[in-house]
Amino acid sequence: MLTFLFKRTLYALISLLVITLIVFSLSHLSGNPLDALLPDDATPQQIEQVTRHLGLDRPIWVQYLTFLQNAAMGDFGDSLKWKGQTAAEVVWERLPATLQLGGLALLISIVVALPLGVMAAVYKNTALDAVATVIALLGQSLPAFWLGLVLMWIFAVMLGWFPTSGYGGLSHMILPAVAMAWFQVAALTRLTRSAMLEVLDAEYIKLARVKGVRERRVVWKHAFRNAAIVPVTYFGVLAGSLLTGSVVIETVFNWPGTGWLAITAIQGRDFPVVQTVVLFFAVLFLLANLIVDILYALIDPRIRNT
Amino acid sequence: MTKNDPILCVKNLRTELALSSGAIEVVRGVSFSVNKGETLGIVGESGSGKSMTALSIMRVLPRPIGRIAGGSIRLDGRDLVQLTESEMTRIRGREIGMILQDPHTSLNPVYTIGNQVIEALQINQQRGGLLEKAISLLKKVNVADAARRVHAFPHQMSGGMKQRVVGAISIAGAPKVIIADEPTTALDVTIQLQYLELLEQIQQETGTAIVFITHDLGIVARLCHRLVVMYAGRIVEEGTVDDVFNAPSHPYTVALLNSVPHVDRKVDRLYAIKGNPPALHEIGTGCSFAPRCPLADTRCKTVSPPTVPGKNHGQGHFAACWKTGEMA
Amino acid sequence: MSRRALRRLPLVPILLLFLVLIIPAFLATWIAPHDPYISNLRARLQPPVGFGGSWDYPLGTDRLGRCMLSRILHGAKYALGISMVGIAIGAILGTALGLISGYLRGWVDVIIMRLVDITFALPSILLALALAAISGPSLGLVVLVVVFVIWGFFARQVRAETLSLRERDFVARARVAGASGGRIVLRYILPNIMNTIIVLATLQIGVVIILEATLSFLGIGIPRPAPAWGLLVADGRQLIVSNWWISLFPGLAILLTVLSVNLIGDWLRDWLDPKLRQA
Amino acid sequence: MKLTRIAGVSLAVLLGTTVLTSAQTITVAMSPPSVETNRYWNTPGDFNLGPAMQGLVGHDPVTGMYDNSGLAESWSHNDDFTEWTFTLHEGAEFHFGYGPVTAADVVHSHTLHTGEDSTLIGVAQLKDVAVEALDERTVKFTLPRPQIDFLFAHGGRGSLVIYSKAQYDAEGLEGYDTRPAGTGEFQFVARNIGQGLTFERVENHWSGRDAEVERLVLRFIGEPATALATLLSREADMAVLPRELQPDAINAGFEAIGSSNAANQTAMLFNGTFLTEGDDKLDPTLPWLDIRIREAINRAIDREAVIDVLYDGRASILPVFGMDPRHEGYREDLAEMFEEYYGYDPERAMALMAEAGYPQDFENPVIPILSSNLAGNPEFPTMAELMQVFLDEVGFQTEIVELDWAGLGALRRAREARLFHPMRNMPVKPSAVGIGNYYASSGRPNVNYEDPVIEELNTLYAASTDPQEREELAGRIFQQAFEQYAVAPLASLSAEIMVNPETVAGWTFPGVTSAGISHFNLIEPQ
């Protein structure tokens, strides 16, 4: 178990190192921060001055090593766009907003998709199953930004139930979180349903039934825990998709999180912030997958004991 | 408690599976009864409907396709077919227990042995000191080192051990009837014997009735008092072990017995009988065994056979055959 | 089994797919009522038939007076093209690496699987934005992103199946008979995982079309004036209130296509390989 | 028990949103600025602290002319425009008790704005300038060369905003980051990154005129559809919307308020037209180096249609990009000749193309049209497609090139933006600035067109301090640009904002800033 986790962590760290290299080279290929920072009428002197000020005149590998060394210490440089803040601060400040929204979306996905998938499997080929299938298919068939806008128009503008956009409490979060979660609900419902179908055919389910376990307990205690491996595996992917989804949804709903930040930073060619966001995303993703590995072991003693 | 009180009485049971190609009847009017403290064997090839009969009694047919289409299953006088699902849940485990075929898959891999035994105890209203009770139950089914094993997971145990645990679970509620669906098929031969001994021991201690489903006539001979032989969803012969073995009164039973040269050897398939059991949706009006039967004539193929007394007219020995009289 | 499954062929989705995607993709030039690029500035923002519009433009026109129906019909080419090309490259790449990884195991396996981890861990949308900042958006970039996003799924699934197949008797027998590794992989393993690959590829079509739309929303999709569906929806989203048809109809085209592709994929999966249900 | 508490919390959350929009708060939805910071010199010049902070010079809300509504009560210059002296308003004071505005604050602010990290547009005008406090209320700028348009550096779209030295001495830059003390009719309350800014009215403002609105919220929203949604749901009282979304708001009962002057000019530039001999960045295969092609392209554009499609019909045709009646060199005659020179005439375009031998005599006949997104000009991608439609119609070969605005910036900086691309100009810019930006090497590297005639005229123009002479030179430069078809000028339009008539009665603003809106103190609530 410990070796397993150790190996996983080591892999994650190696991946991270490669990711830093990719991120660094990409962001430096992607143009000069001057392009966005300077006004349309910048003079040659002004350009030169700002270049020197940003340290962009040094060789690229020196910039990378400096970056790596500093990054290891948690220093990703100063933001070029948000003056007076380090890139880490800029990202750190927006992170809660993304985590709140992503967390709620994750919660919605789980709270909706798991029961829906389980019930669809238990009541296979019934109306409930059909409804679950439709929800699942619709979610995977609509671009999130469009769904977001439609939700905004219906529930904020026409019905006035929620605020249209912006950062705020729960009421602000519901529409974007639903828009973000829908695709995940779809994927997760399908996965849960098929995993449950498989498990419900198992002999130990039959044994649980014949020993007199109540049906609800058969489903949730005996079947679900075994089927859970599949949705849990998906959580790793889910974490990544939610972060990526945040880029689009945060833009539509004007939610000041890291996804919105990433777009703004790329448009502004703010390397340090772009790098930090991508690395944050990658670290979160790798962490989520480590957690998935741990969850695996918790759920399934066969993994735990090997 | 007298031996001749029927505790479980199945009458004219019919069970259907709704497949996409249409509903088929897999149990076609089965009747038998089991007395207190008795062991009844149900013998047949795979597909003969013996497991479906067991699942019908437990009312755990595959969902959503399986359903009981008719008949009654009286346990101690109550018709299980008429019970609601929640009433049935209270019957399972407490009044009828069941042991499944494959111990490797019938225990839940993610819970400890103790957890699964204790759950069975809880279902049967046991409270307090559950761990100790679980350990003593495990001891009862001869699980060595039960105090430690109670914390083990199924994958850490051998098949024989697991099947003992399943046995322990099935007797946790001291049921009146235990249905054992080929419980030893997946076990090694030596372990099989030990397990059968265990079942006998349990029966002696608790006086429970056992319905033992198997295709292994050797086991039947060893363990059962009476047996029914099933073919294509019907009972073709019924009687005491002695009567049936000594005077088989249905050509199918004869073929079965012939395919087992040594009573102690189990066989998986009845190679000695030519042909295969019929697909259930292809069954015609006559005797289902007719296509494979060496004695069959036109009547056999067209008219359903009557139930007639066995050859030696032993008590409770019947066969469903036109030709019983003609058999040597 | 298979004959019964065949009888349950999902006819409605297949019909829809032909109607919305395949026929338009090949025949748009002949069936579209107008040139999708020619605008009629006198007929800007015409509503569709039944909402005050005329049969000249059955689904209305966009802000430059271009026929929405024609644009959607021509857009099918892009949806089909991007899915086919992107998935073909992604599937071939992923399958090749998955086969190598699963067959050779050892450090090759570790490296390839780390690559998969890395592509999953990198936020593809942000990378696409960064790449678009270098060279501007292009068709090639969209294909690249598609390949980047999907190859890992193929690699993982193919590797898992290769791992189990290589332990099977027929592979062992081939090895004993002296077949080379390449031959074993191509002759014995690959044919056995073709079903998996086909099913996965079908299910990815929906993913790709949605991805294309998302990239267009961020301004880095297929470059205008191409009438790619994602671009049409993204472009029309601002006018969602008064000129709803600009984004609704291409959105419906996406919806119907992805819906039917998924239904067909589900059916294929059940038919070809029930094991894949967890994929 | 637990349940009621949760319900209570969510109710409070729901209520929280409504409490904020009490009657005295006016919320304005607008595009986010390119840089969200309180340090003006770190932005390219799109200032969002306008309600709270001021420069030395103000603008008349109706005419847009310079006036003393800024911090300076009066100013004067020497004869050759190299020394400018400003006298500050008596009693002008900073918010939050940072005391009166003094000449020292001006010197301090100038130092901040001209530092190494300054990214301000037009900051060159302030470089190498000596600033000297003559006394508490008098400050003198000594310039290295004559600057007739020096007031521009202090006006609404200017480069110098006055920060408090007292605050800097006490708190440093962090003080500015958390709560900058300004001098305007509103004072800073909070900045929520990505969300917006909140201001509140200063009671008894030193200028003697208090704002009518108690609380002002600028809400930054990038997605136009989302901005429209906030307006229609009445979360915002006003919203800056793309013209194509304005009908939606008008249909829902909202009203448009426009700036009293044109705030924006748009054009398509023939970038890379460097006609001065021996220019190393000249690509000789550029199709529009031939003036006939430039004219043909101009003739192919139906500007009425452009205005209809892009600006909902509310704009006027722009004769010369960079020229405005408020500034030097405005030539009425050019505007009158516009139809003759630039009028929509596809036949003439085709004839010109034939005459020029298009496309067979061109090594590279394809016209690359840039499609790009620029905050504040959401119509640019549509503009590109529209241009393609026009050019295709007369037989040009075209392609659309997509690039974000920063990407275009990189190319322009390298003088390699060989594209037919959209551009906007704030007509508040003095003519000299506009000429430098678009037509003369003095504005390098970002210039799109250079020719020897203009170079010569511009040298004279830059050196001249005689108003009469300058007027004439600027006019001749515009004439040359006009006759050479140096760009394809499109439209001149005012800034418009959609308002909810239930909460806003009126607003007058001159259209002198990047966003077009200013003078928030003049918002009249209902």
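Here are some notes:
All chains are identified by letter, namely A, B, C and D, in their written order; residue positions are counted from 1 within each chain.
Keep this in mind: contacts are C-beta pairs under 8 Å (C-beta built on N, C-alpha and C of every residue); 3 or more make two chains touch, one makes a residue touch a chain.
In this text, all values refer to a predicted model and were calculated from it rather than measured experimentally.
Each step here moves to a touching chain, and the least such steps from subunit A to subunit B number 1. A comparison of C-alpha centroids places A closest to the centre of the full protein.
For the interfaces C-D and A-C, the C-beta contact count is higher for A-C. If you average the Cα atoms of subunit C and of subunit D, the two centres end up 43 Å apart. If you average the Cα atoms of subunit A and of subunit C, the two centres end up 22 Å apart.
Distance between chain centres (mean CA atoms), subunit B to subunit C: 52 Å. Chain centres here are Cα means. That of subunit B falls 88 Å from that of subunit D.
Counting only residues that touch two or more partner chains, subunit A has 31, 149, 153, 251, 269. In subunit C, the residues touching two or more other chains are 133, 237, 240-241.
Residues 11-12, 14-16, 18-19, 22-23, 26-27, 29-31, 137-138, 140-146, 149-150, 153, 183, 191, 194-195, 197-198, 230, 236-237, 240, 243-244, 247-248, 251, 262-263, 266, 269, 274, 277-278, 281-282, 285-286, 289 of subunit A are the ones that touch subunit C when the two sit in their complex. Listed in rising order, the residues of subunit B touching subunit A in the complex are 58, 60, 62-64, 85-86, 89-94, 96-98, 100-102, 105-112, 119-120, 123-124, 153, 155-156, 166, 169-170, 172-173. Against subunit A, the residues of subunit C that register as touching in their complex are 110, 114, 117-118, 120-127, 129-131, 133-134, 206-207, 210, 213-214, 217-218, 230, 233-234, 237, 240-241, 247, 251, 254-259, 262-263, 277-278.
Those residues of subunit A that touch subunit B in the complex are listed here as 123-126, 200-204, 206-215, 222, 225-226, 299-302, 305.
Listed in rising order, the residues of subunit A touching subunit D in the complex are 31-32, 34-47, 49-50, 52-53, 81-84, 93-94, 149, 152-153, 156-157, 160, 163-172, 251-256, 260-261, 264, 267-269.
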